[in-house]
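Per-chain residue numbering starts at 1, and chain names A, B, C and D are given in the order in which the chains are listed.
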Amino acid sequence: MIHFNSDYLEGAHPAIMEKLLQTNMLQTVGYGCDEFCQQAAEKIKAACQAPEADVHFLVGGTQTNTTVIASILRPYQGVLTAVSGHINCHETGAIESTGHKVIALPTDNGKITARQVEEYYLWQQNDESVEHIVQPGMVYISYPTEGGTLYTKAELTEMFNTCRKYGLPLFIDGARLGYGLTSDSADLTMPEIARLCDVFYIGGTKIGALFGEAVVIMNPALKKDFRYMIKQRGGMLAKGRLLGIQFDVLFTDDLYLKIARHANEMAYQIRDIFVSAGYPMLFDSDTNQQYPIMSDAELEEIGKNFGYEYWTRVDETHSGVRFCASWATTQEQVDALRKAVLALKK
Amino acid sequence: MIHFNSDYLEGAHPAIMEKLLQTNMLQTVGYGCDEFCQQAAEKIKAACQAPEADVHFLVGGTQTNTTVIASILRPYQGVLTAVSGHINCHETGAIESTGHKVIALPTDNGKITARQVEEYYLWQQNDESVEHIVQPGMVYISYPTEGGTLYTKAELTEMFNTCRKYGLPLFIDGARLGYGLTSDSADLTMPEIARLCDVFYIGGTKIGALFGEAVVIMNPALKKDFRYMIKQRGGMLAKGRLLGIQFDVLFTDDLYLKIARHANEMAYQIRDIFVSAGYPMLFDSDTNQQYPIMSDAELEEIGKNFGYEYWTRVDETHSGVRFCASWATTQEQVDALRKAVLALKK
Amino acid sequence: MIHFNSDYLEGAHPAIMEKLLQTNMLQTVGYGCDEFCQQAAEKIKAACQAPEADVHFLVGGTQTNTTVIASILRPYQGVLTAVSGHINCHETGAIESTGHKVIALPTDNGKITARQVEEYYLWQQNDESVEHIVQPGMVYISYPTEGGTLYTKAELTEMFNTCRKYGLPLFIDGARLGYGLTSDSADLTMPEIARLCDVFYIGGTKIGALFGEAVVIMNPALKKDFRYMIKQRGGMLAKGRLLGIQFDVLFTDDLYLKIARHANEMAYQIRDIFVSAGYPMLFDSDTNQQYPIMSDAELEEIGKNFGYEYWTRVDETHSGVRFCASWATTQEQVDALRKAVLALKK
Amino acid sequence: MIHFNSDYLEGAHPAIMEKLLQTNMLQTVGYGCDEFCQQAAEKIKAACQAPEADVHFLVGGTQTNTTVIASILRPYQGVLTAVSGHINCHETGAIESTGHKVIALPTDNGKITARQVEEYYLWQQNDESVEHIVQPGMVYISYPTEGGTLYTKAELTEMFNTCRKYGLPLFIDGARLGYGLTSDSADLTMPEIARLCDVFYIGGTKIGALFGEAVVIMNPALKKDFRYMIKQRGGMLAKGRLLGIQFDVLFTDDLYLKIARHANEMAYQIRDIFVSAGYPMLFDSDTNQQYPIMSDAELEEIGKNFGYEYWTRVDETHSGVRFCASWATTQEQVDALRKAVLALKK
């Protein structure tokens, strides 16, 4: 059985495991104040060309989104997001649990536009009952989006300009940032991402780490007391060095981007397998997640030897499903899938 | 200038003012434990034919919705509502401020169906990532809805049965309950409302009181410690008797329903004025709120002598607006409006 | 039966009732934007000699405390208060319900000192695990305190200077402000109170109004978007004019201070009754609340004709209780109490 | 430099690292539904002799306390704890951030008594203003306490009986559970702990794991939907198997208790070093944390080569400090400390 269900099926990249092992008996101070965290932060700032940034390490994505958003909003403010945004759909109301409304904007492809943000903001601000309506206090987008699509540099620039215009901090969820940046269709680099938002995070859990997300705070106004927020929201790991060590490895010799690129290349092969075999795709994704539409009978057949994630029903006999590649996906696994898909068509 | 903007433009019905004046120097215990509150509660239970109910008095609608909903939901649960529900649109995120997601279901007419509730509930419960999605924990509907439409007895019965089937408490926002119950097209009575939900409230602010909403808890499982909730959420009036006195008057000799019926009759005349003059209506409302669509030029003209509430833009030159009648609306006011509308058409 | 249990036993001062009656059928806009609210705000600003202040009207004390405090604190901050502070003892955890710790400092007399605030602040800031400890974010004091004691001008000045030094907004709960300002031992005026804090409120519920508290925001940094907070926390009365009208009356011809002074004078007579009769007092209060210590047998006897509030057990056979005077207390009521107390000693 | 500052200075026990490495490339499902988590849960249930328990794995202690407590309390309830309880002192108000008051009871030794709980509960329930006071909704204790003291079986039994009597779930914070159970003065076993509470957790972070806490829910009424709580509060690790693997190793061949016992034995030697040298101890601790009182000059001297944690000032020239042993402490490290302490006395 070979699983393509997600990009967090295995443990960590071997280089990370090796470094964890090698540093295991060192004594360090706790809570992220150790030298590994400092070193990793420096490397990340260098990769972002942002020496002035603050870098913090948290454990998981929902935790990171909640901590960042709760640190920014005033009690009567909400966060603008695509209706398909992770914070709106798959975090069990974590944002709301901190007291804030998630304001969901419609989308076809997982992205929202600067225009949508502007229109919503102006609509609320110009309503007669302005104080009866949740005030938009920031914007959340994902890069890549939950469906694998990507904002272009032009789109992100326009979004950031609009956010600046209306005083709305822009937060980019980079749970799969590496897969986005190394996509064939990406026109953004990590330093550009950093410059085009107020705060973002670099996902480790889904790109080679055991766990861990690196928050990069670009806007000085958002830096104050962020460690209090991390502690209160349960994200301050006692053995914080585990996060520092992992990100240190990931940001040495470009490992982070290299393994992300590998995953994309595996994913493109997977896409080609399905497209060549005549299957339509649910989304037009240039990242590590691919969403073929197959008949339920075919899914049952392929499911005997391959794991995938059920995504959505398309019609009475067809479904869209997700095949993920990751840093750990091998050519052998992809070849086995190719063979199986071709066999379906016989 | 005559205002039809809302149903809370004046103070209280004269009978209430008289009773407040007459009891002003009496000494009573505070916080709703006085004899007036007890007496009012008894009258309300009688009007609901629900001797087993618990009745509590709160000050305002947002406060009441928040207190009731926060008292019912577990931390990971949300409340199902129409997207146009008051809790979703006009309470500054008060529900979210208590930690809960407002789960908005689409609607054309302000109502949601039992079918929608069932489908959403089953979709969430059957999702693979069930614990990653907010669990629907209760249902909120308004009677009448924010647009003035009404659930039929059949619809409400089906809704309540579905809620029971899935263990979802049903809460009815009755900010304008009286206007609903005395509508020409209503087929529900107050005892029926009471029997077909777990908890509801009888709005006083918009029907003759200075302020005040009477929460009627039908489901015994929801009764425990509700006074703690009221106190914590700032709804426990020190001079609680003010609420008792007002509802005592409103529920003596059917005053509540009588003045609500009067408002509806005034509203029907208002509707006739606009319909006869050829204006389309935004909603098909049989309650005290009427929503004609007029040209912006006409609105400007009529606005010189009459107040209305701007509701929504319809097209580039037309808008839907709200004209409200209330217990305080007089035949003279309506006649003046008639004259003015007819004059527009000349 | 004559009740001295509290200062909210009756309705409102007759002048308020008269104005409410007289304005009852006027049509006004809702939610505190009417002319009565504006006029009352102007009069309050004049009385505070603070033309730059923002004035908002809320319904009750717990609501006001919660709204003000939640509007000021960041998520990881708490509010410093005396352990006997109302927010710590008698608000059902309303402050905590908004996510904030109430940090209780010890006190013998209901007051806390600038020194205590400074020491706590420095202790927290200098702790090695600073981010693991709730950060003090503001200071809450009551004037008069819950036990009827008063800060002197020197004490309040020192407190405010300390708060400024450490960036801690100072909030004064003035639920009984008038009783404090008109006390024989007060050396502070309303303009001085206003100048020596960042925000305070003028209590109406306990001094002549049916209900209502006027929040006066002195610090410009705390003014932004406060109406959103009021709405979200359920304090925005639809018929907001009711608050404006009441405070308009209270701040016309010094009515607020006059009736507060009357209450104090009645209270001093009550104190004299007990002290002359040889009863010790639980607190040394110069305001409208007096706390004699009596034997349980005497309390039972006096309780046959007079209401008081049980406060605390002193020893196995004695208790401290509260007798309150208010704007509504009459000389006849006090004389009746005098006769009864004297009778106990025969 | 040898550090005794805490019990989370190193990585994980070598057996854990080995198993993590060995399983690194296995593909498993996420979010704690994998076979390792199941197997670890079975072993823990066996160790607790509690086949009916629910076992969940979370990442850290603050997160675990917050998740458990927020899952139990109603909005108007608080949690009773010793004033020195971790939730009251060192979690940045995490409990309050979920809306609940931490009700701190006085203590000299880190423990609270059943009598204290009963008295507080009855005091609140019998107060006239019962609904104005936060209702105690559960009890939190730590075993061992933050100062290293231990509840006896008799004390815990009495506490649990009192909690049962008043319907208060009892939650035991076992961040250092192993150190408590293997203490010379412990008279409780893990199955007894399990039987004498409603829910507890077995700390991994401080006893050999990289991170991880195992929550054991004994009371069936507390089991429902706990995974939603974990997810919402950011504690559901995507690669949940990391937690399963670690606890699997810790609960194989009694490793957890063996390494805890080793730490205690090292700590006893440390205690003997200080006591023999004539230093008084701040607490009378039979666990892995020892708190000698030393002069500031001596602390500076010893601090040149040994790390300790500053705990509290004792007088102008002396302080109480913490020396911790852990599974990783070696005889060589302790011998070096002995030599250094003896040298101080020359």
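By definition in this document, contacts are C-beta pairs under 8 Å (C-beta built on N, C-alpha and C of every residue); 3 or more make two chains touch, one makes a residue touch a chain.
In this text the structure is predicted, and so the values were computed from the model without any measurement.
Interface of subunit C with subunit D: the two copies contact each other largely through the same residue positions, with over half of all numbers used appearing on both sides. Among the pairs B-C and A-B, the greater number of C-beta contacts is found at B-C. If each chain is reduced to the centroid of its CA atoms, subunit B and subunit D end up 50 Å from each other.
Centroids built from CA atoms put subunit B at 42 Å from subunit A. Centroids of subunit B and subunit C (each the mean of its C-alpha atoms) stand 34 Å apart.
Shared contact sites, meaning residues of subunit A that touch two or more other chains, fall at 75-76, 91-93, 97-99, 129, 131-132, 228, 231-232, 236. If you check the complex, the residues on subunit D that touch subunit C are 75-76, 78, 89-93, 96-102, 128-129, 131-134, 309-310.
Contact residues on subunit A toward subunit C in their complex (touch as defined above): 31, 70-71, 74-76, 98-99, 129, 131-132, 135, 225, 227-232, 236. Contact residues on subunit D toward subunit A in their complex (touch as defined above): 2-3, 5-6, 8-12, 14, 17, 20-21, 23-30, 59-63, 66-67, 91-94, 97-98, 205-206, 210-211, 228, 231-239, 241-242, 307, 328.
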